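Below, each structure is written out as structure tokens.
One chain, subunit A, appears in both complexes that follow, with subunit B as partner in the first and subunit C in the second.
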Partner chain A sequence: MITPRRVFDVRVGIVLLSLFIVPLFLRQYHLVVLNLIVIYVIVIMGYNFVLGYTGLLSLAHAALYGLGAYSTSVFMAKLEIPLYLSFVMGGVFTALVGLLICFLLLKTELSGLYLGMVTFAFAEGLVWIFLHWEQMTGGAFGFAISSKYAFQGNAYLKSYYLSLCCALLLFWFAVNLINSKWGRALKSIRDSEEASMAMGVNAPAYKLLSFVLSAFYAGIGGGLYSIVMRQIYPGNFGMHELLKQFSMLIIGGQGTISGCLIGAFLLPLLSEVLRSVSILQDLFYCFALVLFMIFMPEGISGLRFKMRRVWTRRMMRSENI
Partner chain B sequence: MIYQQIISGLINGSAYASVAVGLVMIYKATEIVNFAQGEFFMLGAYFAYFFYSTLHLSYPVALLVSVLLVGFSGVVLERISIRPLINRKAHVASIFMITLALSASLKSANRLISGEFEKPFPPAFSPTPLNIHGLYVNRQQLLVLGSTFVLMIILAMFFKWSKLGKAMRGTSTNRLLASLLGINVQGVFSLTWFIAAVLGALSGVLLAPIILIYPDMGGIVSKVIAAAIIGGLNSLPGAFLGGIIIGLSENIGGAYISTSLTDVTAFLAIILFLVLRPSGLLGKQVTKRV
Partner chain C sequence: MSLLEILNVSRSFGGLLALDGVSLSIDRGRLFALIGPNGAGKTTLINIISGYYRLDSGMVKLDGREISNKKPYLIRKAGIARTFQRSELFSSMTVVENMLVGLHNSIRTNVISAGIGAKEAREEEAEKREKALQVLDFIGMREMSDVRAVDLPFGLKKVLELGRAIAIPPKVLLLDEPVGGLNETETLHLDRIFRRIRDELGVVVLVIEHNMNFVMRISEHIFVLDYGKKIAEGSPQEVKLNPVVVEAYLGKQDARTERC
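Showing the complex of A and B:
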């Protein structure tokens, strides 16, 4: 018997299978793009926790992503920790730094714009450290991981499977968290912090949770990025990167998991199309972001709800006649 | 030596101060921290370069035309991108990010039009420095310092005594009440952005002959935000004071401790002040009503 539930399962199975099989037939260049897409899915899901669900304006996400990348590289190339362990450690380290920052923020009960400006200052401070702590990070010349620590053989395919497994695991976790009591608490804080406190939600604790979780996602994403690219620069993690991640979230649709997937899939793809005119890339991101924020604040995944609303209205009208 | 550092700190600081006053004006009127404020500074310098160096207009004419142009572009930016979000009662985060996106798009558009590289702005006055009791000061530097102070006094008088200034103060105190009293609130928003853009552009044009002009010169905005926060984000005299403090501490810290410190002074100041004293030196504590 074919129930809706089973149809859903079959579809999920097909998508999963193709995610694992299709890359076997792709060229190296396409594999790099695919790697980036999967990494961005992780990073944007993390950003979505803090910005989309809890409504905290964090501008430190790109820098935390960079912290994950740098700490993973240091664990791997300087401390010679095996690859599989080092990127998890990078994620945990980033989460710990996120915890520290968040403790400082909660102490002052910062909210809205003030939070944005403090996280902005933290982000710029982190990038400054990447740039100036030269014996650790390599400074402006970047940090290169020598090939003996990285994947051997078809490196891009192996790193793709690693990233994909992480992304699936983190995706499963995010979906379950959002549909749990904790997820509802986060959303209630976004909609009205005072009302949710009055309902007995421990808002500071949940804010801490979402910030630390997002830092963990960013750290894991950054670690995977450094594994794929094997060469990272401080400039990769500045304001520019933040704007890119923010546009992915907004264009996909903040506050939904499907929005993260859409945004993280579309934008790297489009920027690869525009690669030959790299100067247009920035302009494209920013213009798309401005247009979406003015005309379509719910993003692409919000279209679905809008369509459904229009559809039901039309149905009701036709029934009346 | 220390006096020389203080002088150059004052000059940088007065430029930060006038941009910061624009930022605080916008914050007071609409509760938006305008990240694109540094871009007005950049646009002013580039327009002036175009009029002065390419079209060979005289410096005062180039200054006037470019400042007015930037002022109007500020009004247009607010009208087409910020106003729809305010009317929709969008989240503060979205409005903050849209100003960030505007700043980045102006920056990259400028890079597309006038190239990535730094350009020297031809000096408007004779570049030989004046010697005042052993201190070396350019005429241009004196102009920056003098015009900023004069401008701040004019602005203070405008807010204190003119009818428009009173209307602007009223709007920032209570938007609804102001509109009930017949103040054109939307018009006040436009005027605020005009003045803020003019302030940013003016310090850009004045500072351009001293520094090189380059597409990323709008990065000054982090220092400007730091200045506004030191002063307390809702206080205009505070923003001025904050700008001077940032300029001085940057120059003195850079000269006596480490040059790389000039870049982080602003960020350290933002973190320290927002964590320890969010209302700044001169700002009013705002109580949140639920």
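Showing the complex of A and C:
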């Protein structure tokens, strides 16, 4: 487990340093790929709150990510709000919308598959708005942010550093939160909502918290995405994107923060390798998802639980003797 | 005034009257048992007291204050803890984390100071972790603090569930079949823990159990339910000899006794 103390490890220092230095020597294309990876770390950590920790099947994450991207673009290019403020506002706006959805879900006491279906319908509705509210979003031609609102000079490098700083801050927040009473309450709801309430955990309030947090992370990630790409389309935030985010979380290992890092790093890299044959990319995500669901439902980061289980059994056995 | 009062509680599911005007009164410092044949309404009663089911009519009072139909987490805050028939541990979490969820309401840290890892948040966390380990000592599971709950053997799961319920000492502890499926040695171990909970923490225990040896051994006062009605109550000896109770469990006395 990543605990706050171990974050300050020496090895972690080296990784951090290289995250800041290596991009200086990268070509533009690789820099964009790295930037997207860092953004995915944020987005997947957000998804992990609601799906991994609280165990709520939300299928609206990609659309909320899109909402963050569109609202940031509107704040920046239409309302001429400065870049640094606009993506934070995009995150807050997305969180508010997340709050509203979750409030409706809790009022109707939906859970499980029904919750999944309603969030999915909601996501489709959002994408429909991205596509059809043309004055605001640019419709199918997408929303372009003119260069005068974006970073000047070496824009890709600057936006990379912005994403990296956000990712580090949000990572720090998530690690601390998960190892506190708040994170434990979320996990207890996933494992047994009944028992959790018997411990005095106000389960509905904690579900709301996890939904809002996850929407905030998605919104910030979306805002950063629009800053990097400066051109967004409704198609970027549909079913395909959802499948991608879902696979990253499952393959990395849901319910762990290290799983988010693994998923967000590994999948974009592997899919870049397959970029030349774009049809293979989709197939790759689908097959990887199915194989992991069957053989390693706890994902790559879940391997260490398996190791620990073997060790525990051994300990119990030796105590019996 | 008694600690926990259940007044005329009724509840039906569809056409089935699961509880029919049950009244119990539970005082401080004793071990109570609730027995009855399958389907008598015992678990329904516990679910009503702890807020998982709504009651149709009647009233539940704790310390003179009405708590009927409140949400389960509010009832836990008011001072009623419970365990479940099927073990309901937080299976992916470690033993000590399970215990820390039991301490949930004693931790004051707000979400921001927890998220930024503020000094007082970290201090409180360390303090509560120590407290959780003390409770694990109390139930004799300290060495297993880092084992995931899912990996525990069944007997220890039951013990941990009990410990988690008393991490913040409640006024009343409701136990739904705490020794169901355990062997005699494990049952004796739980016996000792119950007595310590009653004597050292001053918690009133109400236990549902089918294991009659266990019930007769530990309880001081027994309520008997049958078909949603209270048919008897009293000390273990009185209940054992009560013909109504015998009839509920074994059916009407047969012709052989009449001949005598």
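Please note the rule applied: the second predicted complex is superposed on the first by the 298 of 321 C-alpha atoms of A that agree within 3 Å, B and C clash if a C-alpha of one lies under 4 Å from a C-alpha of the other, contacts with A are read in each partner's own complex, and residues count from 1 in each chain.
Keep this in mind: contacts are C-beta pairs under 8 Å (C-beta built on N, C-alpha and C of every residue); 3 or more make two chains touch, one makes a residue touch a chain.
The shown structure was predicted, so the numbers you read here are calculated from the model rather than taken from an experiment.
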- First (subunit B), second (subunit C), both or neither: which does A:E194 touch? both
- Message: Just to be sure I read the superposition right, which of the two partners does A:R309 touch: subunit B = first, subunit C = second, or both, or neither?
- Response: second
- Task: Go through the superposed model and pick first if A:F141 touches only subunit B, second if only subunit C, both, or neither.
- Result: neither
- Task: Once the structures are superposed on A, label A:S180 by its partner contacts, choosing first (subunit B), second (subunit C), both or neither.
- Result: second
- Touched partner set for A:L209, first subunit B, second subunit C, both or neither: second
- Task: Quick one: classify A:G112 as touching subunit B (first), subunit C (second), both or neither.
- Result: first
- Message: On the A-aligned overlay, A:W172 touches which partner chain: subunit B = first, subunit C = second, or both, or neither?
- Response: second
- Message: Touch test for A:F246: subunit B only (first), subunit C only (second), both, or neither?
- Response: first
- Message: Please report the subunit A residues shared by its interface with subunit B and its interface with subunit C.
- Response: 194
- Note on the structure: The residues of subunit C that touch subunit A in their complex are 50, 52, 71-73, 76-77, 81-84, 88-93, 97, 100-102, 104-105, 107, 109, 111, 114-117, 121-122, 125, 128, 147-148, 151, 153, 164-165, 168
- Message: Please output the residues of subunit A touching subunit C within their complex, sorted ascending.
- Response: 4, 172-174, 176-177, 179-182, 184-185, 187-188, 190-192, 194-203, 209, 255, 305, 308-309, 312-313, 315-316
- Residues on subunit B engaged by subunit A in the complex (per definition of touch): 31, 33, 80-81, 84-85, 88, 90-94, 96-98, 100-102, 104-105, 107-109, 111-112, 222, 225-226, 229, 260, 263-264, 266-268, 270-271, 274-275, 278, 290
- The subunit A residues in contact with subunit B across the complex are 51, 55, 57, 104-105, 107-108, 110, 112-114, 116-118, 120-122, 124-125, 128, 132, 194, 239-240, 243, 246-247, 250, 279-280, 282-283, 285-287, 289-290, 293-294, 297
